[in-house]
Structures are given as structure tokens and as C-alpha cells.
Amino acid sequence: MDRPLLKITDLKKYFPVKGGLFGRPVGWVRAVDGVSFEIFRGEAFGLVGESGSGKTTLGQTVLRMHGRTSGQVMFDGLDIHSLPPKEFHKTHTRMQYIFQDPYSSLNPRIRIGDAIAEPLLAHRLATRADVGEQVENILAQCGMAARFMDRYPHEFSGGQRQRIVIARAIALNPEFIVADEPVSSLDVSIQAQIINLFSDLQEERKLTYLFISHDLGIVEHLCSRIAIMYLGSVVELATRSELFLNPIHPYTKALLSAVPIPDPERKRSRIVLNGDIPSPENPPLGCRFHTRCPYAKDICREKVPEFRKVKDHHQVACHLF
Amino acid sequence: MSILKRKASSGRKRSKSIWEQSFRRLFKNRSAVFSACILGFMFLFSFVGPLISPYSSNGIDVTVMKHPPDFTHWLGTDIYGRDVMTRLMLAGRISLTVGLASMVLSLLLGSLLGAVSGYYGGIVDSIIMRIADILMSIPSLPLLIIIAAMLSEFKVPTDYRLYIVMLMLSLVGWPGLARLIRGQILSLREQMYMKAADVLGLGTWRKIFHHLLPNTYPLLIVVATLSTASGILSESTLSFLGLGVVEPTSSWGNMITIANNLIDFQKHPWLWIPPGAAIFITVVAINVLGDAVRDVLDPKMKGR
Amino acid sequence: MEEPIITVRNLQTFFHLEGRVSKAVDNVSFSVPKGKVICIVGESGCGKSVTALSLLRLVDFPGRIAGGEILFHNRDILKMNTKEIHNLRGDKISMIFQEPMTSLNPVFTIGRQISETLLEHTLCDRKEAWEKGVELIKKVGLPRAEKIMDSYPHELSGGMLQRVMIAIALSCQPELLIADEPTTALDVTIQAQVLDLLRQLRDQSDMSILFITHDLGVVAEIADYVIVMYAGRIIEEAPVTELFRHPRHPYTRGLLKSRPVIGQRRDRLYSIKGQVPDLSELPQGCYFADRCESCMEACRKEYPESVSDAGGHKTACLLYKEGVANGSTTAEDY
Amino acid sequence: MIPILFGISLLIFFLFALMPGDYFSSNRRLSPQRLEELRALYGMNKPLIVRYFIWLKNVFHGDFGFSLQHMQPVTTLINQYIWNSFIVALATLFFTWTIALVIGIYSATKQYSIFDRLVTLGVFASLSVPSFFIGLLLIKLFGVDLHILPIGGMIDTGSTTTGLAYVLEVLRHMILPITVLTFLSVGSLTRYFRTGMLEVLRMDFIRTARAKGLKERTVIFRHALRNAILPAITLLAFELPGLFSGAIITEQIFSWPGIGRIQLDALSARDYPVLMTLTMLLAFLTILGNFLADVLYAAADPRIRLTKKEGG
């Protein structure tokens, strides 16, 4: 395999919990707590986690939408978090982000044609003369007719808006896209349309995705390598077939068995986890998962398991394996 | 504003602009249309009326002093025999002007300081907001009265009193506005589309003027109407107390001062009821219109 | 089938907005037998939630139940007076909602909100109601019941709150529990817990459940009988195994195929083209015609009637109407 | 809170210090020499900053200065009049909240009804009428034309009534000022309750309460009302100082002997210590009100209680 396009090393992002007098931080939410992985050119990398796992924060920190606490994000040899403003500005044409909610990620007062044209002009990828044509082409590629250009976001349905948001992102012709739950607010029949759009675009434009989702079905469909996140750290990372056929971490197993399968005749043995995800402000000592793990031992309560390679293309952080 | 110009032949259906859509909805609201008509009438009455009126403002006519309303003088005459209706029109010019001008001033001051405070945050924000806090801790009427009294001490020429009143009203009015705008900017900054604008690498100028500010216009418009209403009310109160606009310039407020004279108050109600009614009608109309505009532009803001 | 608990006939619930009528639920008929789980499945705007709310007459302005009848033990709920409907709600029929975080009153303790229902519908005093509440909390599998009784909603997680909601719903041992997307707002692992709980409760008592969801996976997990809705109408209904084995309506089939399923990866997802129609501007014919791959000319003329086969599998699609082509073979040919 | 009070004291002091005249300069009969003597006596010739700190120190000791117009300490003076204002303010507060609560809640539950429309109209009237004008109108109507209520003052001129008769007489004089003040403040509060209630009635937990089979009365008065009233607690902060300052106009019009009146009197007599003290008092009441509102709100809303606990 060639050099990774994106390399994340021990990335941490803590948010202060303000309180007390003068708003001093009284604690830290460890949203991302020491994550390392690589994403290779042209692959779709899936990041799966439940709410509060820190997956969104991770995606946003990769694109430096907020500063990191520590660690490093290398994109094609560029240390994203140490780039001077001018250089950083240039990376916007190479890395883009697609937000979860297509309703709030479009400015209600800007016509969609303008919304797509703006970034093109900002990065001098088009001139005022030819920008209209470019916008039309991009919209067409995302399955939207050119006549929609003069409309406002509120005139579109959720699926159409997500197409617009995708069009806006790919208009800059990026190599790498972080897609944060791009279909979770959409209906099932529309989800399929958008997922297909993602695969089509990847094929046509040789895109690399970091696809963030809580939906294992979608991630299995779209991604070739998948990382499972729990409370700020990655607990398991493997290729698609490895992860779904031989899951190792108890959390991955539980997650897989909890996904409802649309087949009433298939009876499965379910691992139903007890309790809730603990607060990232006050995570459990030792293995983060031990409070809910059915197999937890003493060592799990004391020592943080190392994230290590167990097979080719399969890494896991668990004492039991 | 639009980057993409419409191609003449493309036949794209260009949807109406947000303003046009809002305006249409406003037009469907009966009470909004009605109050807009009343306001229009008030403006015509004040600014065009005197030109049509057969009487002049200083047309002292000793033969018809304190004459009750009849067909020649629809609202009667005052103690100098001047036509009350004509005076009402001229006073309306002053009252409406003071209301509008103080609104514009406090809006400028408030939105500028509020936007700076909200956008930059930090120490600038703290300073501006503390000043606003201090000004807001003193109820506005006593504060206005003190400032007005102080200005009386400085013997400001009566011609300038008008402008001073505008300044005073905006001085008292801006902190509340600045807070509102600041809150709006802060919440807008957290919007996903502002984050998206960051990731897309849009320039700061574009972000502020095309993304941030246009989204504050609805709030500004609503606030503008309401602050015009309160400006007119405060001016009338100050003038009634003799601390605002003073004779010979007349405003609706100082026309009512005549009611302090017990005889005039009891026997000549046409001298003070019409200006009071004019204030009331104008302010109600502005408030109703403002409320309707708020419903149309920003339904979430209702009742705040 | 034994005597149903509740029978809905030709229910119509319309929303009046800015002079337009939006037919959120139109001509919906079904019944819920004792001790069974009936699932209504469909996408947003299909009228599944409004149907559920209509059963308890909880539709808010500008919605209005325009017609039909809802028979609960042969008494029409729509004709009940205020007192009767209050006696029914929470006692004989209870309901839980999608957002457990906002469905409980933030200023009252959990304990108060549980005992409230008991005090309203049963002859017990405060102390008894409280003790019963503690029992219910234990029954829905929450630890430290006494402590939870004294907590406020914001102190508990979404999963816990949904259990509390279930406890409240169960407090008067209802004959029917209406669950409106009860797991949609929850994480997968928590969803599994709640589904387990509901299944367990159904097995323990002979309470019926009307379960509303958009997720066919959840349907397969919990349903005995499935109703598929689209644009305010029922388009297909069948026992759960039958429906998943032989889905008939092109929409149901499309839905099943467009969802990626773990372990059954295909290169490309099937997708239903287009959008759900505007409920205030519904076409004359079948509402799905514009998106349907098997659309025929007749489909655009009139709305297809629901046809039942011998096994009770009902489909509202011309492909399955007797006399119109050999629908079943052509349609199952994909 | 304390820095703001400090800032206010600074603002008020320098505002008054900027005034070109003082109590003595309005007295033409004083010789320049005598003027200087008097000023020295009352410490008015010291540098501004020094005067400020002297004033501040005195304020801390409860000494707010001496009213030269009334020839008594400001505190004594205010103590004489404030209770007259306070009793009107309290009555107004009571009526305003009661009426606003009842009407606001009722019209919210009957949204779009005729009653609701009338209430909305009334709210606008209340928000838009100049206080002095409504006062004058009512005096004209009830005092002059109908002769059923006194036109002003606290007691009839030359009245010597005592005991119950005195109380009744005062009450009769209070009717109009309280009516006016109530009418002026009831509008915004009614609107606040109405929109608050409408908002709460749309919330999910109201649907839950209905689904539980609670009576509509219980749903509204137990579940919705509490949530709708909670945010209004913060309004209390502005109510009391607001009433005192709003009373300036009404007290003037109805010749009610309260602090609003002496405020205006002090203004024309350049009796600045009185003015400064009253302004400080109002500002202090506002800040105190804010503080109390925060405390009350925290006590009433369980959600706040938790964050406070975590934060502290």
C-alpha cells in the first residue's frame, strides 16, 4: 500500500467545562482522547460510534475546525494544525466537510447557486464569467437540475438539500471529504439515493472519505476500512470483512448484535449491554468500556488497554485478546 | 447581491427573493396592512397636511381664542387663537422625526457596539457589556430626567433641544439593542452554515457581510419599529414634563402640557386630547405593525 | 383471530394550513388484536404518528379528525365525551413518544410524574402510588428505583427516561400501549435494551402494542403484524413473516431493498427515485405512481383499492388486483 | 454585581458633578462671599475626586447627604415619602400580576378566539398609551365629569379624618393612580404570559400529560403553568424599580406625595443629594432585583439547581 493520505497520531481534543467564579474550567470533556489511524488515498474510511463517542469532534479536529489539545494530523505531508493561515486556507480546496444536518448547513438567505459559487470565487477556481456554468455542471453531477440555482434552501426537501451541500463541497474539487452522518436525518428511501451519490462521486473523482456514522449497515456498504469509537478512543479498527466477520472487541460485538436486521425469521443471540455510556467528562479508569463489558476482569478496571495489531489489517484495544 | 446573474434565455424559474416573500406574507396580514395605512396617514397628515391647511402655525387670531371645534376649526383653536389641527400637524412632524431619528441613532450605536461585542468577544465585549449593564441598571425615565435637567442647566438654545432629545433617547436606548444584537450574532456564529463558510474558506468580508449580517436584518427591522414607538413615547413624556422639546417648537408631548392648567384641562379638552390621541394611535399602529413584521420575519422571536 | 381491542375504520385526519388541506391520514382502517404487536411503518410524513395520536384524540391544532370511527371494545372513541376520553387515556390505552428527553415535565420529579397517573385513574393514596411507582421502576429494569423516583428528568439519560416513560405507561395495566417511534432517538445499544424490555412486557401480560417506526429492522424484531403507510394511506399489510418473505407493493419492496443490511452487502443500493408527494396536492391516481418502476397507465387514474389474498395479505396496488395482468409474477420479477 | 454598583455610583456622581449650578446658586440674594462660605461648609469646594470618595464613604455609613431644600437628611426625607410610593407600587404589582396571569393564561388556552383577539388589542393599547395622557383622561372622566373620584392628592384638602375613615379616604385617592399604573404595566406582562403559555402548551410533555389521561385543568394548571411562570420570575427583577420610576409621572399627575414627586421637586430646586440618592436607590433596587430573581429562579427550576451544584 502506498503512503497514507491522512495520518492521525495520538490526537486529543479536550473541551473545558466552564463553571465556578470567572468561568474557570472546572473539568475537561475528553471528546477525543488519543486517537491514531491512517487513511489511504482513494479509500472510504468509516468511523462508527454512538452519541458521545467523540466521532464528530474527531472529524472536525482533522479539518482544524477547532484547535487540537495535542497530537498531530498530517495530510499529504502537511501538518494541518501547524500551517500558517495562508497555507491553511489553501487546504480548503483539498479537504472538505459535509455536515449532518442539511437544514442548518445552508444559509437560509443565500440562493443555492450563490452558495455553490461563493467558494469557487473565494479560491479563484472560477471567474465571474464562467462560474454559472461550473455551478450548473456540479449540480447536474449531484442530480439537481440547473433551474434550481435561483431558489432558496427552504424550497427544498432534506434529500435535495443534502445534494446541494455535497455539490458545494465537491465544487472545490477536493481530494478528501469528511462526511459527518450525512444521511442520518434523511428518510430511508432518500438515504439510498444519497449513499449512491457518494459512491458515484468517489468513483468519478477518486475521492477519499472519512465517513462518520452510527449506522453500521451504511458503513459496511460504503467503507472498506472501519474504526469503532467508544468514549473518545478507537477500540477496534479493521477492514470491512474482518470487522464484520471476526469482530474482536466486546463493544464491537455488542454493537453488531444490537443492529436490528430486517428479517423476522433470523434468530440471533443478542448481546444486550447494560447501562449507559458514561460521561466523557468523567470517563472510567482503565478500559473505558469496562463498566458495560460483560467480560470485564480486574485488569480492565486498572489498566488502559493498548491499541495493538492482532492480525494484518486488524487492530484492537482489549486486554482479553 | 446575487453572484449568478440570470441568463435571459435560460428560462430558469427564479424564485422571489426572501424579502419579496416576506413582504407578500405581510401583505396578507390584515392588521398589518391596516396599521401601515394609519401610519401612512399620520405621515401625510404631519408632513403634507400643513401645506394644505388654510391656517399657519403662528396665525394668532385673538378673535377666536379657545374656540371649541366647529366646521372652520375642526379641532378648535388654542389660547392664542391658533388652529389646533394645524398645530397638531406641525407637532407631528417633530414627534415623528424625533422618534425616527432616535431610533436610527440608537440602532446604529446599538448594532455597531453589539456586533463588535458579539463578533470579537473577549475584553472588548466585557467593556461594552459592562457599560451597557450600568446604563441599564438605572431605570430609563429617571436617567432621562436627570440628563434633561442637566442640559437645561447648560442653557441649550431651544432650537437645539430637539437634537439633544434625540441624542438622549438613543443614549438610553442603545444598551438594550446592543445586547439583543450581540446575542443574535453569538447564536448565528454557532450556526452550521457559518461553520460551513469557515470550512469552505470564504473570506472574512464575505462571511460578515453576506452570511452574518443579512441574518440579523429581521431582528433589526423588528427592533427598529419597536424602538421608534418607544422613542415617540419617551419624547412625549419628557416634553410633557418640560424637559424635552420646548416651546416655541411644539411636539405632541408638549402640546399636552396645557393640561397642567386646571381651567384648560377641565374646560378646553380639545387642546390636549387630540395630541394625546395622536400619540396613542401612532404608537399603536407602529407596535401592531412591528408585531406583524416579527411574525413574518422571525416567528421564533415572538413575545420576547 | 380473536376479538380485536381496537378497530379503526376509515380514519381521516386533516391539517388545515394557510387555506390548504393536508391529508395527513386518509381512509385508514386496521385493528389491533389482543396480546399482539402491530407495527405501522413508513417514512416521515406518511401519517403514522398522526394515526397514533388520533387514536387518543391527541392531534393538535391545526389538525382535525375529519371522519371515520375508532372502536375500542365497540365504543367509538371519537364520540366519547371529555370525561370518558380522559378515563381512557393512560388507563386503558397509554402512549409513549419519540423524544424521552422532552416528553417528561422538567420541573417535576420522576416519582411525581409516575404517581400522578395512578392517582388519576386508581383509588390509591399518595403513599401507595409512590410505592407502586417504585415497583414499576424496578419492573422496567432500572437500578436504584428510590433514587430515580426523586430525580428530575434532566438528571437521567435518554435510555433511562424512555424506561421511565414505559413505566408510566404501564402503571394502570393498559390493554393497549401505543409506542410512537420509542427507540428512534436512542443509540443502537440502548435501542436494543428498550426493544428487549418491550418484548418482555408483551410476553408477561396480554397487553397489545401499536408500535410506530420508520425502521424495518425494528419491525422485524418486534412485530407480529405489519402495516405499511405511504402518503397518509395504508398501502400494504400482512403478518410479519409474510410481509418480509413476500413484500408486494413496489414501495415496500423498494424500502426493503434500499436499506443496507449487515452481512448482505451489494455493490449498489436500490433507491426509490424522487420525493414523497406534497400531502396537500396529492395526485388523482396512486400516490406512489410517480416514483414507481412498475407504474402503469391505470395507476394514474384512480387510487387502487386494497385487495386481500387468502392469507390476509392486503395490498393497495393495481398489480395485485384481479383481472389486471398477472401482477404477482411480473412484480416479483426483479 | 458589586463592580456594577460601583460603576453606577461613579456615573451618577459625576453626572451630578457636571451640573453647572447647585442649590445655592439659584438663590440670588446670597452674596458671593456668603456663597463661598456655604459651599465650604457643605464641602462643595473640594476637588471632584475627593468629594466622590467622601460621598462614597458617607454612603457606606448610611449618610446620603442633606437636603437643603427640605432642611433634613436625605434618608429621613426619603423615609417619609417612600412608603406612600411603596404602597401604590405594591398594590399595582399585585393587580398587574394577578390580572396578567389570569388573562394571559386564559387567552393562551383559547388562542384565536374573540376573547384572545380582544386581549391582544388591549395589550397593544397598554403598550402604546403615554402614561400622563391616560392619567389625565381618567381624571377628566372620573374626577371632573363624573365627580366620583378625587382628582389628586392623598387625602381631601383640609380633611381631618382619622381611623377607618382616613384609610378609606386614602384608598379612594389610590384608585386612579393604581388603575393607571396597572393598566400601563399589565400589557407587556400579559403578553409575556400568553406567549410563554403558548410555547409551553406546544411542548412534548404536555402531550404526555394529556396522554396520561389527566384532566385538561390539571394539564394546564399543574404541568403548563409552572413551566410558563418560571421564566417570569426574572421579570420580577425589573418590576419593583420599574414601578417606582414609572410612578414619577403618575405621582406628578395625581399629586401623590411619593418619591416620584420629590424627585421632580428636587430637580427644579437643584436639590441634588436627594436626586442622587433616589437614582442610586433605583439602580440598587434593579441590581438587587436581578440578584433575587437569579436566586429565586435557581430555587424554582430544578435544571438550574443542578448546574449550580456542578459548577460550584
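Odds and ends about this structure:
Order of writing sets the chain letters: A, B, C and D. Residues in each chain are counted from 1.
Basically, contacts are C-beta pairs under 8 Å (C-beta built on N, C-alpha and C of every residue); 3 or more make two chains touch, one makes a residue touch a chain.
If you want to know which protein each chain is, UniProt gives these names: A = Oligopeptide ABC transporter ATP-binding protein; B, D = Oligopeptide ABC transporter permease; C = Oligopeptide/dipeptide ABC transporter, ATP-binding protein.
Model, not experiment: these values are computed from the prediction.
The minimum number of touch steps separating chain B from chain C is 2. Chain pairs C-D and A-C differ in how many C-beta pairs are in contact, and the one with more is A-C.
Chain C and chain D have centres, each the mean of its CA atoms, that are 54 Å apart. Note: centroid distance chain A to chain C, computed from Cα atoms, is 32 Å.
Averaged C-alpha coordinates give centres for chain A and chain B that are 49 Å from one another. Shared interface positions of chain C, i.e. residues touching 2 or more other chains, are not present. Considering their complex, residues 111, 202-205, 207-216, 218, 223, 226-227, 230, 300-303, 306 of chain D touch chain C. On the chain A side of its complex with chain C, the touching residues are 50-51, 157, 159-160, 187-193, 195-196, 199, 214, 216-218, 220-221, 240, 244, 254-265, 270, 272-273, 276-277. Remark: chain B residues 2-7, 10-15, 18, 191-193, 195-203, 206, 210-211, 214-215 touch chain A in the complex.
The touching residues of chain A, counted against chain B in their complex, run 63, 65, 89, 92-93, 96-97, 99, 101, 104-111, 113-114, 117-119, 121-123, 128, 131-132, 135, 146-147, 149-152, 155, 165, 168-169, 172. Residues of chain C that touch chain A in their complex: 43-44, 157, 159-160, 187-193, 195-196, 214-221, 223, 240-241, 244-245, 254-256, 258-263, 265-266, 268-273, 275-276.
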